[in-house]
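Look for subunit A in each of the two complexes below; its partner is subunit B in the first and subunit C in the second.
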Partner chain A sequence: MQIVAILAPLIVTATIVLTIGAVAFTRSHRIMAGLSSTGLVLALLGLIPASITVPIQVTPLYIVDGFGLFYMALILIAALISAILAYAYFETQSDYRAEFYILLLCATLGALSLVVCSHLASLFIGIELVSVPLYGMVAYAYRDSVSLESGLKYMILSGVASAFFLFGMALMFAASGSLTFTHIGQNPGGSQLLLLGVGMLVVGLAFKLSIAPFHLWTPDVYQGAPGPASTFLATVSKVAIFAALLRFFQTSPVAQNAWLHVLIIALAFISMLVGNLLALRQNNLKRLLGYSSIAHLGYILTAIAAGGPLAATAVGVYFAVYILTSLGAFGVVSVVSSPFTGTEASDLSNYRGLFRHQPTLAVTLAVMMISLAGIPITFGFIGKFYALLVAVNSGLWWLVAALIIGSAMGLYYYLRVTFILFGAYEGDAQKSLTESSSRTAIMALSLLAALVIALGIYPTPLIDLVNVAGIAVPA
Partner chain B sequence: MSALFLIIVFPVLGALALSFFPRMSYNSARIIGAGSVGLSALTMIWLMVAWFSAGGGAYVQTLWNWVDVAQFHIPLALRLDGLSLTMIGVVAGVGFLIHLFATWYMVHDLEGAPGMARFFAYMNLFIAAMLILVLASNLLVLYLGWEGVGLCSYLLVGYYFEKEANAWAAFKAFLMTRIGDVSLGIGLFILFINFGTLNIHTLLQQAPQVWGSGAPIATLTALLILGGAVGKSAQLPLQTWLIDAMAGPTPVSALIHAATMVTAGVYLIARLHGLFIIAPIALEIVGIVGGITLLIAGFAAIAQTDIKRVIAYSTMSQIGYMFLALGVGAWHAAIFHLMVHAFFKSLLFLTAGSVIIACHHEQNIFKMGGLRKQLPFDYALFWIGGGALSALPLITAGFYSKDHILSLAAVNGHVYLWLMGLLGAFVTVVYTFRMIFIVFHGERGMNAEPGRGWIIHHTPLIVLAILSTVIGAFIHQPLDGVLPSASDANSLGMEILLEVISSLVSLGGLVITAAVFLGARDALAKVVASDAGQKIHQFLFGGLGFDTLYDRLFVQPYYFVARLHRVDWIERIANIVPATALLFNDGLATTQSGQLRWYAFSIFGAASIFLIILVLG
Partner chain C sequence: MNDAAQQSVTVWPLVLFFASAMGLVGLMIGLSSILGGRHNEKLGNEPFESGIRPTGSAHRRFSVQFYLVAIIFVLFDLEVVFVFSYAIAAPALGWAGYGAFIFFLGMITLGLIYEWRIGALNWAPKAPRQMRLEAIEINRARNLRGESTIDAGANHSPTLDQS
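Right, the complex of A and B next:
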């Protein structure tokens, strides 16, 4: 039973082993991409038998429940799209390409383990397993100094955050004598030490989630990383770490501290304002998306701060929104920049009049922008509606105000991008994206756009799914 | 009768097909455009047969629920009764004839330029919207059709949008009717608040019981609805748009600005007659509006030089007669005149279109002249149409409908309205035959080529001509039971006396006009050339100065206020918001230095504050 429950991570593990073996014999890009995609699809299918067994405790470290499986599905979809994008991105480059998929699979495995961890040790292992391959992925275009620089920045700052995290763990263990979520803070003694520990843990996680004021690295790293790596960083790592944070907050007694609650509200407030303000005059699409992701994490934190029965639904729905739209938006950037060598085409001027020569991509990006802005008939509206609903229900008026002001600013810069897409096209003819690798990616992206619209009109199935995927509290 | 919805479906399908394939050939567009309305007309005939064989009454077809929120239920339901049957007869029947003629007219008007599909797409959409308007059993559904025809009117007036004046004419038509629509909308809100429903039938039943006769709220509501009606029907004070609306192609003028849309106001008031009966003051105002408009428009028509503008003013004037009829409680007569007017006015417009094409797109009547010999067919049609318009006794349909209105006005004790109507009848004869005599008599002005084509050119004109004669007056309108019957207490002798008086007026007018325009045109020219004559002519030519008046009264003050607020303090306050946002943006952007040591330090700094608050709090 336990084996069935963790079928998906096991399949990903097997795929990693297989790809490492395969790379010894062939460096064919097609085979590597195909192998890892197949593994990810199989893992996605592996979630179906696992759903019968939940909830189930697998060793003291992990607990597999509906919540975990829902986020596993999101992660696997995001990883699959990233792999497809990577295939399109690296196809025209003659460098070593195979290792990217191995790194991607390792990070995916870390993300999968994060969403089901119930123990600080497994939480730490998961975070490191996501982060370490990501250093490689961010710096993968090492001939481009920008990529290398952002990889180094991310590694060093990640190290700082991990130090905070580890120190926090140690303090908590010293105070409560246990690393299991449900045991931390159970005994009343040593509360100052314990609070310090929890605070450091939150700081470490907030850094990884690029929540303001721990966000400064985000735009630099997003901008420098190759398109598929940015996509992965913005989606998979964010979801996984956030899910772990949510589980920790819902199950650990230590998280019920009143001041911690206030600080979470403050973080949400600052993130929403800072993210949107910084995006206002941004002319680089990847940086813009980076800033916008800070704001969106703020919206999600709002739901956590609100609490209550609706909060889990709101977070689940919002994350589904965030994943689909970020994949789409970063995906378009990744595909548009892939046929070029050297620096990526992520400046907004590169997208002027994209509609004239790449109508499908332009419409996809426009749909994603409109969804990110939260305009009705897109899925983004549903997500924002839920965030606003839980905030209003809990009477968090400061957050409601920030959310509304932030959305107003968001409208400005998202629509600005949209207008640019449909503006007059100037510039020389660009290389057409007719290779099969690009076509697969474009197809996957337009599918995402269709999904964003479809779920915007009829979101009920997804909301139902989120509602059944609850967090299990171990006895 | 379950086929009722089909009458709307055909033109909708036509409009969709024409919009999705805008580059189709002329012939495909003509076949789809006229064919879809033809199918509608066939459905209309089928419905008539079915309705009469079912013995009349009212048939309601509910298609689906349009709005269903809490207490607000709006079913998309169609209601077929005597009144709506009459109206779909006019809309689908006359509409089809005009579409048929348009297949001839537009080929000559476009001369190979693209836009045929666009023209028929708008026209079909118009027919669909107009049918929704007259078939609606609910005021909100009626409002849907009401706005739909307004949209199509805008699109078709501005059909030749390359010329800037046409685009402005379209704006004017849209905005002026919008003023009325807002008034109508407020009326609907009041009705819904008071009755909790917008179902027309229920409203008419409940209004007398709930409000009672003469209640102020009933008067207010009726006046607001009248506001909508005068906007759509180009009556005082919202009449100015109709003349500029002549910028559209001539079949459009015939269909929208003569036969159907502009009479929607008359239909609306007739449909909601129960509300007006309990608001006698409002009903009186309806009559007065009609009376004044018919005179203003009639006098303005005398001075026009553009053939379409003459007919447009006459349309305004004839709708004034319909309002007058509504005002004196002659409900049947109003709808009867509506139908007859649809026949002879579309005949006049289409024949005018035929003449315009024959004269190589010339619309100035003074440049035509002496066309009698070259265009005998059009000449005969103008006599029939003009005769009906002037209500020449006994042989024309217009005589019976107009006379009915005038005698009921006199009998119901509205002597001043009767006198206005009588004066209007005289003016009508003068402007009608002035136009005919100038265009077809006198010195030859130019070479004209008569229109050819039996089916698409001659047939619609001949059918409309037949309906404009006494034969059209024999059409029986099944309005009993829908509209209240007028009191028929007057004696036969009285009626004959009134008929003789109006016959004398129209015949006298004809003789005088003939004397002036066939005999003494030079004398007239001298009078017009005098100082006073020129001033009067200018005054009449400009539509009695309403455009200037509105410009002074509304447009200029609005510009003044707008200029005053170009740099105002409100904007300065509003500008603080983006300025603040940009200020913060600047400040935050400096934190993004790209320097690793600053990034690491910021983490330590933020974490320290975070932890201090947490531990000490």
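Right, the complex of A and C next:
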């Protein structure tokens, strides 16, 4: 039973072993991309038998429940799209393309283990298993000094955040004598030490999630990283770490603390305002998306601050929105730009009049922007509605105000991008996107756009799914 | 309260140790700087007064190959740590432990095969054909442009992006 419950991570592990073995003998780009996407699809199918066994405790470290399986599905879909984008992106590069897929699979494995962890040790292992391959992925276009620089920045700052996290873990262990989520804060002794520990844990996680006072690395890294790596960083790593944070806050007794509650509210408030304010005057699409992801993490943090049974639903719905739209937006950037045929096309001027020569991509990006802005009939509206609903329900009026002001500011810069897409085309000849690899990516992206609109009109199936996928509290 | 009192009891020797260590070092450096004579001479300020003269800077560039060798060494050296810790507990772990350990060794071996195949074990690895051709192109372009472009080339070959 336990093996069936963790079938998806096991399949991903087997795929990693297989790809490392394969890359020693063939460096065919097509085989590597095919092998890794097949592994990811099989892992996605492996979630179906796993759903019968849940909830189940697998070793003291992991608990597989509906919540975990839902986020596993989101992660696997995002990883699959990233792999498809990578196939289009690296097609024109001549050397060392295969290792990107191995790094991507390793990071996916880390993300899969994060969403089911019930112990601080497994939480730390998961975070490192996501972060360490990401250093390599961010610096993968190593001939481009911008990519190298962003990889180095991410590695050093991430290391500092991990140090905070570890120290927090040590303090929590000193205070409560256990690293299991449900035991931390159970006994009343040493509460100051415990709060210090939780505070450091929140600092470490907030850094990885780029929540506002810890967000400074975000725009630089997003801009410098190769398109598929930015896509992966903005979707998979964010979802996995946030799911772990949510599980910690929902199952650990220490989360009942009033001081911690104020801390989370403050982080959410600052994130929403800072992210939106900084995005206002951005002329680089990747940086703009980076700042907008800071704001969106603030919206999602609202749900954690609110707490209660509706919070998990709100986070689930919002993350489905965030994943689909971020995949689409970063995906378009990734398809349009490939550094090996020129410079990375992430400046907004590169997108002026994109509709004239790449109508599918332009419409996809426009749909994603409208969804990020939260305009009705797109899925983004449903997500924002849920965030607002939980905030109003628990009377967090400061957060409601920040959410409304932030959304109003968001409208300006999201719609600005949309106007540029449909403006007059005055550039020189763009990269020709007729290769089959690019066509696959474009097809996947337009599918995402269709999904965003379909779920915006009829979100019931997804909301039902999220409601079923509850967090199991171990006895 | 009781907890805090207990903590202060166990902590004070540490504080004392820290203070005395800092005090001792401070005393040694402070006294010798006050009492000791000072002379400012050219040779006197060199690191090794009576040894070989230092030449050049410590910030030298050396082959990236050393780094690769060091990393591979650390990887396989750490493996030995696991082998030893398994060896101690081998009888208690039984066949299940043996199977798990064989799996671990298999993964390490796979890593070794991978490193071997990409040429990380060769001192001067054979780059993929495409890269070799590009390197030839870059060298040719550099030689054609002459001395003035060496700085730009050493930094990050911009010719790659144009090709």
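Methods note: the second predicted complex is superposed on the first by the 472 of 475 C-alpha atoms of A that agree within 3 Å, B and C clash if a C-alpha of one lies under 4 Å from a C-alpha of the other, contacts with A are read in each partner's own complex, and residues count from 1 in each chain.
Note that in this section a contact is a pair of C-beta atoms (placed from the backbone, for glycine too) under 8 Å apart; a residue touches a chain by one contact, two chains touch by 3 or more.
Bear in mind that the values here come from a model prediction, so they are computed numbers and not experimental data.
Asker: Identify whether subunit B and subunit C fit side by side or clash on subunit A in the overlaid structures.
Answerer: The answer is fit.
Asker: Considering only the touch criterion stated at the top, classify A:Arg27 as touching first (subunit B), second (subunit C), both, or neither.
Answerer: second
Asker: Please indicate which partner A:Ala161 is in contact with in the superposed arrangement: first for subunit B, second for subunit C, both, or neither.
Answerer: First partner only, subunit B.
Asker: Given the touch rule stated above, what does A:Asp95 touch, subunit B (first), subunit C (second), both, or neither?
Answerer: second
Asker: Which partner does A:Asp220 reach: the first (subunit B), the second (subunit C), both, or neither?
Answerer: first
Asker: For subunit A, which side has the bigger count of touched residues, subunit B or subunit C?
Answerer: With both complexes superposed on chain A, more residues of subunit A are touched by B.
Asker: To the nearest 10 degrees, give me the subunit B-subunit A-subunit C angle using C-alpha centres.
Answerer: Computed from the C-alpha centres, it is 150 degrees.
Asker: Note down the smallest distance between any C-alpha of subunit B and any C-alpha of subunit C in the overlay, whole angstrom.
Answerer: The answer is 15 Å, the least C-alpha separation in the overlay.
Asker: Under the stated contact criterion, what part of subunit A meets subunit B in this complex?
Answerer: Listed in rising order, the residues are 152-153, 156-157, 160-161, 164, 192, 195-196, 198-200, 202-203, 207, 213-214, 216-217, 219-220, 257, 259-260, 262-263, 273-274, 277-278, 280-281, 409.
Asker: In the complex formed with subunit A, which residues of subunit C make contact?
Answerer: Of all residues in subunit C, those touching subunit A are 3, 107, 110-111, 113-114, 116-118, 127-128, 130-131, 134, 155-157, 160-161.
Asker: Quick one: in the complex, what on subunit A touches subunit C?
Answerer: Against subunit C, the touching part of subunit A is residues 17, 20-21, 23-25, 27, 94-96, 143-145, 189-190, 339, 342-343.
Asker: Using the touch definition up top, name the residues of subunit B that touch subunit A in the complex.
Answerer: 581-582, 584-585, 588-589, 591-592, 594, 596, 598-600, 602-604, 606-607, 610-611, 613-615, 617
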